[in-house]
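In what follows, a single structure is set out as C-alpha cells and then discussed.
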Amino acid sequence: ADKVVVGVLRFVSSGGLFIAKERGYFAAEGIDLDLQFFEAAQPIAVAIASGDLQFGLTALTAGTFNLAAKGALKVVASQGMEKKGVKGNALIASNEAYAKGFNAFEKLPGTAIAITQVGSSFHYQMGQIAAAKGFDLAKVEMKPLQTLPNMMAAVKSNQVDGALIAPHLARGMIDRGEAKLIGWFSDLAQYQFGALFVASKVATGNRDLTERFVRAYQKGMADYAAAFMRVDGAGERIFDDAAKATAALVAKHVYPSEAAETAAPKVFAAAVAVDDRARVDLADLERQVAWMKAEKLVGADVDAKSFVDISFAK
Amino acid sequence: MDLIATGLGHAYDGLTVLDDISLTVASGEIVALLGPSGCGKSTLLRMLGGLERPVTGRVEMRGAPPAASLNPLTYVFQDFALVPWRTVAGNVALPLEHHRLGAAERARRVAEALARVGLSDFASAYPRQLSGGMKQRTAIARAFAVEPAVLLMDEPLSALDAQTRDLLIEDLVRLWTETRFTAVYVTHNVAEAVRLGHRVVVLSRRPGRIRAVVEIAEPLDRRREGSPALGAAREQIWELVRGEAAAADREMVHG
Amino acid sequence: MAEPAALPSDAAADPARAPASASPSGAPIRPVPFRGGGFAPRSLRFGSPATFLGLLGLWWAATHFGWISPLALPKPEEVGRAFLDLATSGLLWQHLAASLWRLGLGWVIGAAAGTVVGFAIGLSSLARSTALPMVSAMFPVPKIALLPLFILWLGIGEVSKVATIAFGVFSPMAIAAFGGVDGVDRNLVRMAQSFGMPTRAIVLKIVLPGAMPALLSGARISASIGIILLTAAEMIGARYGIGALVLSAGNLMATDQLVAGVLVLSAMGLTVSKGIGAIEKRVLRWRA
Amino acid sequence: MAEPAALPSDAAADPARAPASASPSGAPIRPVPFRGGGFAPRSLRFGSPATFLGLLGLWWAATHFGWISPLALPKPEEVGRAFLDLATSGLLWQHLAASLWRLGLGWVIGAAAGTVVGFAIGLSSLARSTALPMVSAMFPVPKIALLPLFILWLGIGEVSKVATIAFGVFSPMAIAAFGGVDGVDRNLVRMAQSFGMPTRAIVLKIVLPGAMPALLSGARISASIGIILLTAAEMIGARYGIGALVLSAGNLMATDQLVAGVLVLSAMGLTVSKGIGAIEKRVLRWRA
Amino acid sequence: MDLIATGLGHAYDGLTVLDDISLTVASGEIVALLGPSGCGKSTLLRMLGGLERPVTGRVEMRGAPPAASLNPLTYVFQDFALVPWRTVAGNVALPLEHHRLGAAERARRVAEALARVGLSDFASAYPRQLSGGMKQRTAIARAFAVEPAVLLMDEPLSALDAQTRDLLIEDLVRLWTETRFTAVYVTHNVAEAVRLGHRVVVLSRRPGRIRAVVEIAEPLDRRREGSPALGAAREQIWELVRGEAAAADREMVHG
C-alpha cells in the first residue's frame, strides 16, 4: 500500500476524510493513510509546499492562494461550504453592542468585529456580507484574534461588538445568553470555504495515487452528506441512528478524549454543508481570488485556474 | 575627644579573631596598630568606628567632639574607597551633602581640604585619572573635610609604592603638626608605625591580643631615618612581629 | 611568646590612662553608635517554599471568595486535578518526554554554536567585525514570526522545532560567551604566552576555564529562553509536548490545563536553573 | 637631572661589556623571538557594513541562481519592493508608530518594575527570599502561552499588549538589576556608612550609580526581548504594528512582506542597541 | 646565556615610553631595574622577554641556554598570575604540559620546584586559599620548574606586605646562592634593588632613559641591613629617584 500523510484539523468539516478512513475506503484503494493533526489551517498548506505532506484538507485563505499560485500545490476537491438552508457561520453581537442597537447585518458599519486572521475565510465572508448589503467593508473594524476561543472570549466580555463565528460555537453562546444572533451567513450567500490540496509533484507525478485518494475521499463525503444533510419537512436536519453512528466515527477524531455518546451530538450540531461528490466550484474560487486581489490580500498574478484541477472530482 | 575600648573581642562564625582588647586613644594622639595579616586589625578598627558590633566589650567616646565636626569618627580606607563616578571634588563633597551646610560653605570646605593635600588643580579629575598617591590624598582630603575628631586609618598607604608612601608620610606628619588630629593608624609596616605613632600597639597572630605597647617619645616632626631612639624602637618591635609574620604567612586561608 | 612582653609602657589595658593632651577624665562618656551592617541580604532558609505556599493561599482565597472570576483563573484544586489527570493518564510523561528531548537537543545545538561563535568573536578581529553585528541583528528577531519560513525550510517534523529552539538559544549564548572571553584576565594570557604555550593550549587551558562562569550564566539564561521557545516551536504540528499541551488548552479555553502546563514549564525552568547551580558549584569550586 | 649622572659603573650603554661569569663574547647571538600579542580583537572599521553587503550578495545569488526555491525565500529586490510599498503608502509609519508606542510603554513599565524589584532583591533579605524565586519561576514562562489568560484579564486592547511586553521585560531586568546591586563594591557602601550617610543617600549615590553598568546591559537585553515579544503581543486584535504586519504577512504567505517586517524588527533592535551604547558612553564616562 | 638589549625604544600610540636603552645582562647576574611609576619598566621587561615588539632597537641572546631549559626567558609577574582554577601543583605543571616530558618527569619537576620554595604541603591548595606570600612563592616555583636561563621579574614582591616581602627576599637570596640564576628584577623599591641587584639600573621619569647604573660589589649572601657599602649605594640611588618620584606622583593619567 502507498503510505500517504495528510494534514488536517480536528474539525467536523473534515468529517468526510475521517469517515473514509474509518470505513476503510482508503485501505480499499491501497492507501495507508496517516493523519497528521494541526492547530491551524495555514501550516497545513505550508507543510504541503515544503514537501512534508502529500495531501491536506484545509481552509481556502489568502495564504493558501498565495502559496498555490507559486505552483507548490493544487486544489483537487472541495471540503465544507456555505449553502442556503444549512446553517453555517453566524454573525453574532455582544450583549452590550446588541443593546446599543447592533441587531442586523445593515448595522455593521462602525462596529468592531472579531475574525481569526487577516485573509481568512471569515475575512472573506465579511467582504461578502458587505457586498450583499452594499456597504464599504472599510467601515467595519476587523479584529484579528487568531483563534476561535479568543473570539468567543472577546465577545463574551464585550471587548468587540460582534464576531463571525462557527455555527456550533455561535449556538452555544446564544443559548447561554453570552451573545445575540444577528444572522446566518448562508442566508446571504453561498460559497466553498475549504478544499483538498495536493502537492503539485504528487498531482502531476503520481496521478494514479491522486485519483485513488480523491475517490476514497469522495466516498467519505457522500457518506457525510447522507448522514448529516438530510432535512425533514421543516428544514431541520434529521439526527437518526445512522447519523449517530457516522457522527461517532467523526467524533473519534474531533473529540478524541470524549465518549461517543456526548461527542456525537456535538458533531452533528457542528456539521456544515458539503458537496456530496466533493466537486470544486471553480467560478466560486475565481470570485474569492478576485475579491482578495481587490483587497490586496493576494498577489496580482494569482489565478485560480492555474492551481485548481477539477479533473479529479467529477 | 578620647576613644576608649574596653575588653573588646570578636568572632566570625565561631572563629575568634580578637580577644580582650582594651585601649584608650587620647585626643591629639596617634596610636599605631601593628600586627600580622589576619590578626584582626581591620576588625578592631571597624569596631572602634562603629562599623562592626563587638561580640564582647564596648567602645566609648569621652568628651564632646569639636562643634564643627560633622563626623567624629572618620575612616581612611586602605583601598582609598573613592567613588569612581565622581570627580575628586565630588568625592570630597560626598560626605558633606547630607548635612545642612550652605552650598558656599560646602564649596569652601572642599576647596580647603583639597588645598591642604595639594590637589586643588585636580578637583575635576576622575579617580581613574589619578596616580595611587593622588587617590590616597583625595581620600585624606575627604576625611579632613568633615573635621573629624578621630581619624581611623586602615593601612592607608599599603597600596602605594615605597617612594609615594614616603611622600605621603611626610604629608601626614605636616598635617598633624598643623592640626594635631587624633588617629588610630593600622599598618603592618614596622617603619611606618615607628614613624607615625606616638604609641605602637603590637597585636599577636589570630586571635589578636595586645602583645605589647611601645611608647615613642621623640616628637613626630623631629623623627629622622637614622635616629637611635627610633632605631631601638624599630628593632624591639621587629623582634616581636617577625616570628608571627613568618608563621602567619605559611597559613592557608580556609573558606 | 603567648604572654605579652613586659615593656615599659604596656599600659593599654588600663582604660583610665590619661595622657597630657587627653580630655578630662570626668568628661561625659557616650558609646560609639553602630552605623554599619546591612546591604548584605541573605536568602532566608524557608523563604522560597513559604513564598510559594503564600501565593498558593492567595490564589485559593481569590478563586474561592470570588475576588477573581472563575473564567479568568481556575481554582488551585482544578489545576491540581487537571495535573493529576495528566499524570495518571501517562499523557504528562509523553508530553514531557517530547518537550525535554526537543529542548535538550535544541539547546545543546544552539548553545554549542553560540559558544563557538562567541569564542570566535572574543578571539578574532575578523569574527568580531562580521559575526558580532550578525548576532546582534539576529537577537531581536522574533522566532514565532519566522515559523512559516522555518516550516518551508525545515518541514513540520522535529527539525524545525529543534531549529526554532536552537536559533533562539544561539544569540544569548553567543553574547554571553563573547562577554566571558572578553572578561578573561589578559594577564593570565600573557603569562601563558611568556611560557611559550601554544595558542590552542591557551584557549583550552586559560580562556575556556576563565570564561566558564560567563558560559554557565549564559546557559542559565538561554535555558529559560529555550523553554519559552518550546511553546512557539510546538505551535507547528506537534502531537506531544508541554508547549503543544498549553497551546491546545488555550485553544479550548481549558484554563485548568493551561495553568497546569504553565506551572510545569515554570518548574522545568526552576529545575534547569537548580541543575546549573549544582554544576556551577562543582565546576567553579575554585571560586570563593 | 636629564643627563645620566656620571657614576663609576655607568657602562650599560656598552653592549660588549662582559663580566666574569658571562658567556664568551664570541658565542652565537640570536634575536629573542616575539611570542606576545594577539587575544585582543578589534572591530574592523568597515566590518559590519561589509558583512551585511556580503550577506545581501549571497542572498541575491542564492535566489537568482535558484539555490533556494523562491517559495522558501523571496528575492532581495522583492523584499525591497515590499518595503518601499509599505514606506510610500505610509503604512510602514503607522505600523512603526503603533509598535514603538507599545514597545516603549511596555518596556518602561517592565523595566521600571524589574529595576525596583531587582534593587529590593539586592538590598533586602526579605525580598531576596520571596521575590527572587518568583522572578526565577516567572522567567521561563512563555508569554504566548499566557495570551488567552491575558485577554481574559486585560482584554484585547492596548493594555494586554503592553502587559505582555512589560511582563516579558520584567524578569531579565530584575535579574540584571539584582546582579548589578550585588556587584556594587561593598567597600564603597561601608565608606558611605562610615561617614554617617543615611541609607536613602547610600542607595541613590552609591548603589544606583554602581549598578548602572549592569542596568544598562540589562536594558540592552530586555529591549531585544521586548522586540521579540512585540510579535506575540500583536497576535491579538492589532490592526497596526510591525508584529501584526509580520504575522499577517505570515498568514498571507507574503514572504516578501514577512522578510521586510523581520528586517525592520532587526533594525529596531540594532537602533535600540546603538542608542543604549550612546547612553552608556555618556553615563559611564567615568569608566576607562 | 647573556641577554643583550641595544638601543631599545618604545611608544604607545605616539606616547614615547622608553628611549634608547642599551643593557647587557650577563649570565648569573641579577640586574635591578629601578624607576618611578610609569617610566616604562614593565614595557622594557616585556621587550626583553619577547612579549612586546620594540619600536626601535633589538633584543638578543648570546650563547645557548642550558639544555634542560624549557623556556629560556621566564617571567615572574607582579600579580602572581596564578590560574585560579588550578591547584598550586596544577599551576606549576601548567607550563610543562605542552612539552614532551614523561608524566613522571613532570611530577618530579613540580615536586622539586615546590620543595625549593617550601610549598610541598600545599600542592593541592587552590590559590584563593593561599596568603600573598605563598602565592608569590608558587609563581616562583612555576618559573623555576621550566629551568629558565633568565628570570624576568616584574615587581614580584610589591603586592606583599613588608614582613612577607622580607621573608621572600631571603628566599630569593638563598635560591640565587644555590642556583646562580640570571635575572632582571624590576622594582621601585630602593631597598629591594640594593638588596638583590648586582647592578642597579636607574631609569628616569617617562620617557624612560638610563640615568645611572650603580654596581654593588658586596656578595648577595653577605648583605646586611646596616652595612655601610649598601647604605652608601642606597643614599646615592635615593637621591637620584626622589625628585622624579614626587613629580611622577603628581601627574594625572590621561586616557
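Should a chain be cited, it is by its letter among A, B, C, D and E, assigned in written order, with residues numbered from 1 in that chain.
FYI, contacts are C-beta pairs under 8 Å (C-beta built on N, C-alpha and C of every residue); 3 or more make two chains touch, one makes a residue touch a chain.
For reference, the UniProt names are B, E = ABC transporter ATP-binding protein; C, D = ABC transporter permease.
Please read these numbers as outputs of a predicted model, since none were measured by experiment.
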- Item | Centroid-based (C-alpha) most distant chain relative to subunit E | A
- Chain-chain pair with the highest tally of contacting C-beta pairs: C-D
- subunit D and subunit E, separation of their C-alpha mean positions in angstrom: 42
- Note on the structure: Rounded to the nearest Å, the gap separating the Cα centres of subunit A and subunit B is 85
- Item | Between subunit D and subunit C, distance of the C-alpha-averaged centres to the nearest whole Å | 17
- Within subunit D, the set of residues that touch 2 or more other chains is 35-36, 71, 147-148, 152, 190, 193-194, 196, 247, 250, 253, 288
- Indicate the residues of subunit A shared as contacts by at least two other chains. 42, 46, 49, 147, 149, 153
- Among the residues of subunit B, which ones contact at least 2 other chains? 49, 51, 73, 128
- So, with touch as defined above, which chain pairs make the list? A-C, A-D, B-C, B-D, B-E, C-D, C-E, D-E
- Message: Which stretch or stretches of subunit D touch subunit B in the complex?
- Response: 187-188, 190-198, 201, 205-206, 209-210, 212, 286-288
- Query: For the complex, which residues does subunit A have touching subunit C?
  - Reply: 7, 36-40, 42-43, 46-47, 49-53, 147-149, 152-153
- Message: Applying the document's contact rule, which stretches of subunit A touch subunit D when the two form their complex?
- Response: 42, 45-46, 49, 61-64, 66-67, 70, 72, 114, 117-120, 141-147, 149-150, 153-154, 157, 159-160, 297-299
- Query: Within the complex, which stretch of subunit E touches subunit D?
  - Reply: 1-6, 22-24, 26-29, 46, 48-53, 58-64, 73, 180, 199, 201, 204, 209-215, 236, 240, 243-244, 255
- Note on the structure: Given the complex, residues on subunit C that touch subunit D span 35-36, 38-44, 47-48, 50-52, 54-55, 71-73, 121-134, 136-149, 152-153, 172, 186, 189-190, 193-194, 196, 199, 202, 207, 221, 223-224, 227-232, 243, 246-247, 250, 253, 255, 258-259, 261-262, 265-266, 268-270, 272-273
